[in-house]
Amino acid sequence: MSELLYIKDLKVYFNTEEGVVKALAGVNFEIVKGSFHGLIGETGCGKSVTGLSILKLLDNNALIEGGEIIYKDENLLDKTEKQMQKDFRGNEIAMIFQDPGSSLNPVFTIQDQIQESVKMYKKASKQEYRNIVIEELKKVKLPDVEGLLDKYPHQLSGGMKQRVMIAMMLACNPNLLIADEPTTALDVSIQAQFLQVLKNLKDKFDMTVLYITHDLAVVSEICDYVSVMYAGRIVENVPVRELFKNPVHPYSYKLVHSVLGVKTFLEDLEEIPGSVPRLIDPPSGCRFHPRCEEAIDICKTKVPQLKKIGKNHYVACHRR
Amino acid sequence: MRLSEVNVEEIKMELANLKNKKSSQLSLVWKRFKSNRLALLGFVFVMIIIFIAIFAPFLTPYKPYATDPSNRLMGPSRTHLLGTDSLGRDVLTRLFYGSRIALQIGVLIILFEGFIGIMMGVLSGFFGGIIDSIIMRLVDILRSFPVIILAMAIAGIMGQGIYNVVIALGIVGWTTYARMVRSKILSIKEADYIEAGYSIGESTYSIITRYIVPNAIPTAIVMISIMMPTALIASATLSFLGLGVQPPIPSWGSMVAAGRNYLLQAPWISTSAGFFIMFTVLGFNFIGDGLRDALDPTTKH
Amino acid sequence: MSNRKKYWTNKIIRTIITAIGVTLIAFLILHLTPGDPARIMLGSYASEENLEAVREKYNLNEPLHIQYWAWVSSLAKGDLGTSIRYNRSVNTLIKNRIGPTLVLTLTGLIISVVLGVVMGILAALKRNSWLDYLTTVQAIFWISIPSFWLGILFLYIFGLQLRWVPIAGMVSYTSVILPALSLGLRQEAWFARPMRAEMLEVLNQEYIRAAKAKGLKYYIVVTKHALRNALIPIITMLALRLPWIIGGSVVIEVVFSWGGIGSLLVNSVKARDYPVVQAILLLISIAVVLANLFADIIYTWVDPRIRTEG
C-alpha cells in the first residue's frame, strides 16, 4: 500500500487586523493511493485551509510557517508558483469548491470553461473540442448535455453547477481530487445523487479523493479513511470502519456517538460543550482540553503527538 | 403588542452596546487615519494654506494691489521671492492673498451646495414617492451638463464676482450631496437600531438626533473632503476663463491666465499660481483619500 | 410585462424626461436673472432700436412658453438658431468646429481609459508594492492639478523650451498630443482607482481560485477570467466621466487655442451670444444623455447575467 500524498506537521498562519491566526498548528496525515479519504471537523477548524494549502491557493495574507506536503515524492511547499501551475494544478491535483455558484466564472459559457481545461494538454479543432466537452459533461450524468454548452452558470441549478464544476476539474485529468464540502450548497435530495456520481467517477478513472466535510453521515457512506481535525490539528487518523466501531480520541468518540442521534451536523451538536476555540488565541497544550471531560494537567501544557495504535490508526491524546 | 419591561431593558442595553461599538469603530477609524502618512501630509498642507490665508498681511511687506511700474515682470529675487507681474505687483504677496479668495469661495460653495443638497437628499430619502422622483429627475437633468460648462453659462449671464461663482457652481454641485444623502438615509432607515429605538418608544426627534445624525456625520466629512477639491478647481477654472473672480482681485485662476500672456518672459507667474492651486487641492485630496481608506479599509490593506 | 421590458420602458421614459428637462434648462438659462434678455445680449449701451430688433428676431416679446415652443420646434427641424455675433447659422458654426473637438476628446478619452485601466490592473496585481503606491499617489496627483495649468506647463516645457511640438492651434498631427495629454492624464485617475478596486475585488472571487486550480496560466487567469469581469463596471464609469471629459476639453481648447466647440462656447459666453451658448449646452448634454443610455445597453449586452434574463 502506498501513499499518494503525505502531509507532515503543516503549519499555516494568517495575518489579520486583529493579530496572527494560527489556523493550522501541525497537520499530519497521509492519503492512500486510490482511496476515498475523508477530512472531518467543525466549521473553522482548518479543513479548507488544509485543502487549499495542497494546491498552494491560499489567500495572500496566509503564511505557510512550516511542514511538508509530499506528493509523489516531491515537496509541494518547495515548488514555485509557476511549477505549481505547470506541473501540479489541474493535471495532477484538482479541487472542487464549496459553492458552485461562485466557483464558475459568470461571464463565460459552460463549454468555454470546460474547454479551457482540455486545451491545456490537447490541441484540437473547434468541433473536436465541442465533442470532448460533451463527453466530459456526460461523465457527470448531466441531462441534455448539448443544450448546456452555450448556457451561462447562472442559468443552471445549484446541483447542475456542482456537476459542471466536477466536469471542469475532471477534464484536467487529475490523479487527486480535493472536494471541499461540495454538497453544502445543495439540497439534501441532490446530495445523495451527487455523492454517487463522485464515487463512480473515482472508481472509473482510478482517482484518489480527499473529501472535506463536516457531515459524518457522508463520511460513513463513501470514505475509506478518515482524518478527524480539531482546531487546526489532526486528532485521529483512522480507517472508516474503525472510527465507527472504536473511536479512540474523546472528540472522535463524541462525534460518532452524536451521529446516532437525530442531528448529524457538528454545528448542531449540543453534546460537546463549548465551541471551536478562536484560533487567534488557542488553548495551550491539547486544544480540545477545555471541552474534554477526561482532561488532566498534562493536557493543558503539552501538545499530544499522533501515535500508532493499530493498523493505519493513529491518535493524538495523552489519555490513550 | 406591548413590550414587557424586560424587553425594553434588553433593547436599551443593545442600543448602548451599539453606541459603544460605534465609538470604538470611530477610534479605529481615527487610528487608521493617523497611521496614513499621506493623510497627515494633506492635513499639514491644508493647515499651511489656512495659516497663510489668516496671516497674509504679516507674511509679506507688500500689498496685493500695490503696482510698481518700474519693476514690471521682474524675475524671482531676494526682494521679490517669486518676482513681479505685468503691473509690478509682488507675485508671492498676491498668491498669499489669493489663498483667502480660494478658501472663501471653496467654503461658500460647500455651504451653499451642501445646504441645498442635504435638504433635497433628506426630502427625497425621507418622503420617497413622487417627491423623490421629481428630485431625482432634476438631479439626472442637471448632471447631464458638464459642471464647468453649465457654470460658465450661468456665470456669463449673471456676471462675474465671488458670489456668482458660488451660485453658478452650487447649482450643479448640490446634486452630488443630494444623491449621497439620499442613499445614506435610505440605508439608515432600514437599520435595525432605528426600529429598536421606535419599539421602546423613542420619539422621531430623538431618533434623528441620537442615531441618524451621528451616523451621517462620517459621510458628511467624507463628502466635504471630496467636494472641496472639485469646488476649488472649478472656481479656479472659471476665473482662469475670465468668467469668475475678476482682476485685480488676486485669485489664483486669473493669475494663471494673466501669466499665460508672459509665459516666455515671466514663466513664474503662471507656474507659481498653479502650484498654489495644486498644493491646496492636493492637501484636501490626501485627507479625503485617507478618510475613505480609514472608513472603508477593505479597499486597501 | 417581463422585468426586462419594464426596466427598459422605465429607462427610456427617464431618458426622454431628462432630454426634455435638458432643453428646458438650456432655454431657461437666459431668463435666469431678472432683466431684459435682449439687453443682456447686447450690453447696456445698446440703442432701443437694436434691442427691439433683437427682441423681434428671437421672439423675446412673446410669453416664455411660446418662446420655448418656437425654439424647440426649430430644434426639431434641425435648426439650432442664428448667432448674434457672427450673424450666421449656429449649425454652420458648429459643423465647422465639431471635428477638432471630437479629435481632442476622443484622443483624451483613449489616453485616460487605456492608461487608467492598465495602471489599475498592475496596481491590483502588485498589491501593496511600490507600483501600487505609485498608482494611488499619481492618481491623487493628477486629479489635484487643474487641467488648464497642466496644459500651460506642458506648453512651456515641451513647446517653448524643448520645442518638441507646436505651441498652439492645429498645425500637424503632433498638435493633438499636448492637449490630449492634459485632458487625459487628469481623467486617467478616475479610471485607475476604480479599476484597481474592481480588479482586487474580482481577484478575490472563488472563480479565480477555481481557474487557478485548473492549472491555467497566470496571464490567462488575469487577462481572461479577471479582466473580463473587472471591465464591466468600467463601462458605467466611462459614461459617468464623459461630462467631465467634455467639460475639461472646453478649458483645454482655450489653453491650446484649439478651434473647436469649446473655444467657440467660451467666446460666445463672453460675447453674450446666447443662441450659440444654448445650442452648445443642448448638444453636449444630449450627447451625455445618449451616452448614458448607450452605456446601459452595452452593460446589459456584455454581462450575460443580465443579457440572458427573460
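The first chain written gets the first letter, and so on, giving A, B and C; residue counts start at 1 in each chain.
Everything below uses one rule, namely that contacts are C-beta pairs under 8 Å (C-beta built on N, C-alpha and C of every residue); 3 or more make two chains touch, one makes a residue touch a chain.
Predicted model, so just to flag it, every value in this text is computed and none were measured.
A.B. asks: Please state which pair of chains has more C-beta contact pairs than any other pair.
C.D. replies: B-C
A.B. asks: Can you tell me which chain lies farthest from chain B, using the average of the Cα atoms as each chain's centre?
C.D. replies: Greatest centre separation from chain B goes to chain A.
A.B. asks: Report the inter-centroid distance (CA atoms only) between chain B and chain C in whole Å.
C.D. replies: Centre separation, chain B to chain C: 23 Å.
A.B. asks: CA centre of chain A versus CA centre of chain B: separation in Å?
C.D. replies: 53
A.B. asks: Two-or-more-chain contact residues of chain B, please, as numbers and ranges.
C.D. replies: 301
A.B. asks: Under the definition above, what is the set of chain B residues touching chain C in their complex?
C.D. replies: 38, 137-138, 140-150, 152-158, 229, 233, 236-237, 240-243, 253, 256, 260, 263-264, 267, 270-271, 273-274, 277-278, 281-282, 285-286, 289, 299, 301
A.B. asks: Where on chain C does chain A make contact in their complex?
C.D. replies: 127, 204-207, 209-218, 220, 224-225, 228-229, 232, 302-305, 308
A.B. asks: So in the complex, which bits of chain C are touching chain B?
C.D. replies: Residues in contact with chain B: 14, 17-18, 21-22, 24-25, 29-30, 32-33, 40, 128, 136-137, 140-141, 143-149, 152-153, 155-156, 160, 197, 200, 243-244, 246-248, 250-251, 254-255, 265-266, 269-270, 272, 277, 280-281, 284-286, 288-289, 292.
A.B. asks: Which part of chain A faces chain C closely enough to touch in the complex?
C.D. replies: Interface residues on chain A, with respect to chain C: 52, 55, 57, 59-60, 81-82, 85-86, 88-91, 94-95, 97, 99, 102-109, 116-117, 120, 152, 154-155, 165, 168-169, 172.
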